[in-house]
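Look at the two complexes coming up: chain A is in both, with chain B in one and chain C in the other.
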Partner chain A sequence: MVGLSLGEKHFIQGGIAQDLRCDGRKRLAYRPISVETGVIPQANGSARIRMGATDVIASVKAELGRPSLLLPDKGKVSIYIDCSSTAEPAFEGRGGDELAAELSNALQHCLLGGKSGAGAGIDLSSLIIVEGKICWDLYIDGLVVSSDGNLLDALGAAIKAALSNTGIPRVQVAAGTSNDEQPEVDVSDEEFLQFDTSGVPVIVTLTKVGRHYIVDATSEEESQMSSAVSISVNRQGYICGITKRGGVGLDPSIILDMISVAKHVSEQVISKLDSEIASAEAEEES
Partner chain B sequence: MRGIQLPLSQTQKVRLQKTLEQLESLSSKVNSDASVIIADSIPVNHEDGVLKGHGTADLDGEVVATVCGVVERVNKLVYVRALRSRYKPEVGDIVIGRVVEVAQKRWRLDISFNQDAVLMLSSMNMPDGVQRRRTALDELNMRCIFEENDVVCAEVRGFQHDGLHLQARSRKYGKLNRGQLLSVPPYLVKRQKQHFHHLEEFGIDLIIGCNGFIWVGEHIEAKDDMVEDQVSQSDPQVLLHNSVSLEEQERNYTILETRKYICRAANAVRVLSILGFNMTLEIIKGIIDLSLSMNLDIHEMLGSEFCVLVAEKEAERRSSNKKKR
Partner chain C sequence: MVFEREAETTLACGAQTSFRSRRRRTQRHISPSVRLILRMEYVSPEGLRLDGRRPMEMRQIRAEIGAVSKADGSAIFEMGNTKVIAAVYGPREVQNRSQISNHALVRCEYSMANFSTGDRMRKSKGDRRSTEISLVIRQTMEASILTHLLPRSQIDIYVQVLQADGGTRSACINAATLALADAGIPMRDLVTSCSAGYLNSTSLLDLNYVEDSAGGPDVTLGILPKLDKVTLLQMDSKLPIDILENVMQLAIEGCKAIANYIREILLENTKQLEYRRGV
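Let's turn to the complex of A and B:
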């Protein structure tokens, strides 16, 4: 992203202070979101999300694996994000790695819950096939195709859409195997199980510029931020995770304020996203 | 519908398709045989010994196009002018650039050409308005005039041995403050008589740079060169610095009324860029008026419904223009 002159910076800050941002949005308004599902045929589920010039793709790939020894009754989910160097010249070579790691970490915090798997947006016990023996490993990969700010929210939404697009093959376990050996399985080609994605939270990032905070910041606005707080909220309105970026400290009362705002905004985002996902799925089938 | 990325409903899709077809039928058919796509063969008379220019290649003794565009012939030279190309400067173009480097006696500007443009200290008017030789002191104070990342408006002077040179020899050129810079594909901007526009009814300035950079900002009254003194020139600069308290800074913001019009004009430009229509003052004004008459919120202008509506209006306008002729 190119630098901004003093006059432009001043204009952006002024717009946020006056509740009229450069593209005419209010502080708490999102850009139009467009959702496309099933963009990668090889994956079990995939989705592409566009918000303005931000463009991300998420895919879900399921593989059979062994559950870990400590958690024999839970499947495994891992999230990796890749920042394509087509998105921004700065991502070329290893330039995007740092941001990619930061985004992966934040998404893991927001979607996967604790180490024990408690509080995860995805129900890990639904991934188990034979306890202690076989489970599904979900590999969630995100790709940033084009970046114009607010990547975390877009990736969160893309993962939510990809998961609701995901079909996991039904598995028949051959009966009569003894306890020690690995049971034989038969993976069905026709029957797919849908995921329950109602528990997957959405991420709302509040970017603080001056003394106000905004949602869905563009990259110009992000360059003016002092700090950004990403809050993931699920359908029930519970907070699933909070991460903060940016070097400047925040007053605790502001964080409380931000949380209540994020909760309010998330309701709109969830309903908007749900209807977009539904229409995208309908489009795909037709 | 190629390249238009809008989330459209079924009816909107049909409407847009119809409009685009109408627009296509309105476009002139005079040169339609001269337009080629990739791998089209270009008919040439080989006896004259043609010169193959840009966008052409030799394939089995035949001249074929390697880009989509219009075939141009200059004497023996045959080349293809690409439809979507990078900006190519011509002398006298008004461009908007961003300073990337302050160098010896010159600024280097990014104007989205395939090389950076050069603005010499000697080819711009000094802030004090006095015509004189540039001293070493002036050279040291170059950052007071333009800094890195500043948005600057200038005119193309021509190609010199060391690259593309710009000049800014009038008060209308110079640093642009208090507004936003938009970047659109440069082929959407056609060369016109006037690139500086002052929309009086809205109190905003609109500068359509030939290189696809468009500036929308608060109107600044062009002051007389001679009356101006050094103090008033540096005054807004001082106020903008970070050392000033937040309250003082807030008092200095663009007033809300003007800002609304700036954002509306900016969104009008964005709509045109989404639809791929040419940028002219007339059309931009038309979109602003349309959105005002519909009482639309500014951010709703980027929605698909309004975009389709703009496309329909544009088709209507062009067809009525055609009838008049």
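Let's turn to the complex of A and C:
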């Protein structure tokens, strides 16, 4: 809940118009990102991301399951987000459910590609063990511990970091089972396979305040937004998904403009995140 | 005689698991037969527990103040693999006007993260277990907060379990104490909590998940260490009175040790605040 006076609102809007925001950033500058990996030992992979006062945790759990009948050669990935009431008293009880559902949907759009699984950041065919019989189900859980705006970008980054921290046990399939039976498998406790996460996109949210748009808005700035567009971009510079929030309409040409800006910003974010993840992994191992 | 008592506890354990296992089977699948086998070995002949601790040894505790920067007070508290975050909002205006009174209104919500247990679970907030724990935490904290000093205001305590490995109740109370102290809310004393149990005819301090699900008695105790008063006492299963006295004494010792640690953390935090202000 953000309660702002008229003067404060003008100050925020005026600052954005002059390319100098309340915390001294420029319009297209991110807050410093800090990454911590392996925070949840029970999970196959986990990460905690902090950007200013925004604090999120993502965990990845892998369970053996059956592939769906329509896509026998692909594993399943699902994303659930939970907004803890520690982040804001308004999330108490069922208060956070609406935001949680909005975030889960947006992340699914941005990271998992379409229904067919094409264009997903994670290679779904790498999750298959026996075609049509056994696959890995990945459950990605996000938890918002503290919220100060830009949750979607933070969650996207946390999921990317958690996936690169994830180890999937190596599985041996017992040979000699006929086609009809469910094959027996032996899950290794020691050998883990690492994911290829280079294709996982990052999400860049551009928030439109007045006539300009900014990245990585704080909750004060978000309260002044007219609309926001979240664009997920992968390393190759391809757009993997777009979601628009906020009630005010946008001119199509502005959206195209935003996309090209997001593509430019994403390059910096990806390289920053990569180096942070690498140093977090190194710290965890030492 | 001793043997008879052993058998009795085993029976009691069987009857009692039906209730406990219902809420726990969702977390980790331990069949009753496996549990019986495991039960024999909670304390090895050398006097070591499953995780290598001695019977009267606590898990490693770690605390950190100021984990949620937006909250008025917050803390992370870890006991071994159990890890909880507490955030305090308040004292602030009462949200529901019909609840205004001469005393501060204390509210509490307990929730578990989906990834907090071994097997992933997805359950909604507000099931019976979390409602019960919320109530327990609220009552325990209310006993130490000087509510009469804060009329017409409300204090919200939110605890979030990140990892559950037994003793979440105690960890939540300890985290909430730290968060309340961080928020600067007037309190009679710090409340600290610790659990103790009795397995293989040995009193054990600070049960972890495996020991907790063994079905033996589990005493959770909360005390005001300086005033030497008990504010929370819960036990399931049954115990002879003289042994309960012993187990309770052990839990009290545990609570006091935690209180000392919490005091150290608070002192260090205050020193840092002082330093930042340049006093």
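Operating definition for what follows: the second predicted complex is superposed on the first by the 285 of 286 C-alpha atoms of A that agree within 3 Å, B and C clash if a C-alpha of one lies under 4 Å from a C-alpha of the other, contacts with A are read in each partner's own complex, and residues count from 1 in each chain.
Throughout what follows, a contact is a pair of C-beta atoms (placed from the backbone, for glycine too) under 8 Å apart; a residue touches a chain by one contact, two chains touch by 3 or more.
Since this is a predicted model, take the numbers as computed values, not measurements.
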Partners on chain A (chain B, chain C) - clash or fit: clash
Partner chain in contact with A:Glu63 - chain B first, chain C second, else both or neither: second
Partner chain in contact with A:Ala157 - chain B first, chain C second, else both or neither: neither
First, second, both or neither for A:Arg25, with chain B first and chain C second: first
First, second, both or neither for A:Ala17, with chain B first and chain C second: first
Touching partner for A:Gln42 - first (chain B), second (chain C), both, neither: second
Candidates 98-106, 134-142 or 224-232 of chain C: the single one with C-alpha clashes against chain B: 224-232
Residues of chain B defined as touching chain A within the complex: 5, 7, 98, 110, 147-151, 175-181, 217, 240, 246, 249-250, 252-254, 256, 259-260, 263-264, 266-267, 270, 297-304
Residues of chain A defined as touching chain B within the complex: 2-8, 10-15, 17-18, 20-26, 29, 31-32, 34, 50, 210-211
Residues of chain A touching chain C in the complex: 39-43, 46, 53, 55, 57, 59, 61, 63, 80, 82, 84-89, 92-94, 139, 141, 143, 145-148
List of chain C residues in touch with chain A within their complex: 67-71, 74, 81, 85-87, 89, 109, 111, 113-115, 117-118, 120, 122, 124-126, 156, 158-160, 162-163
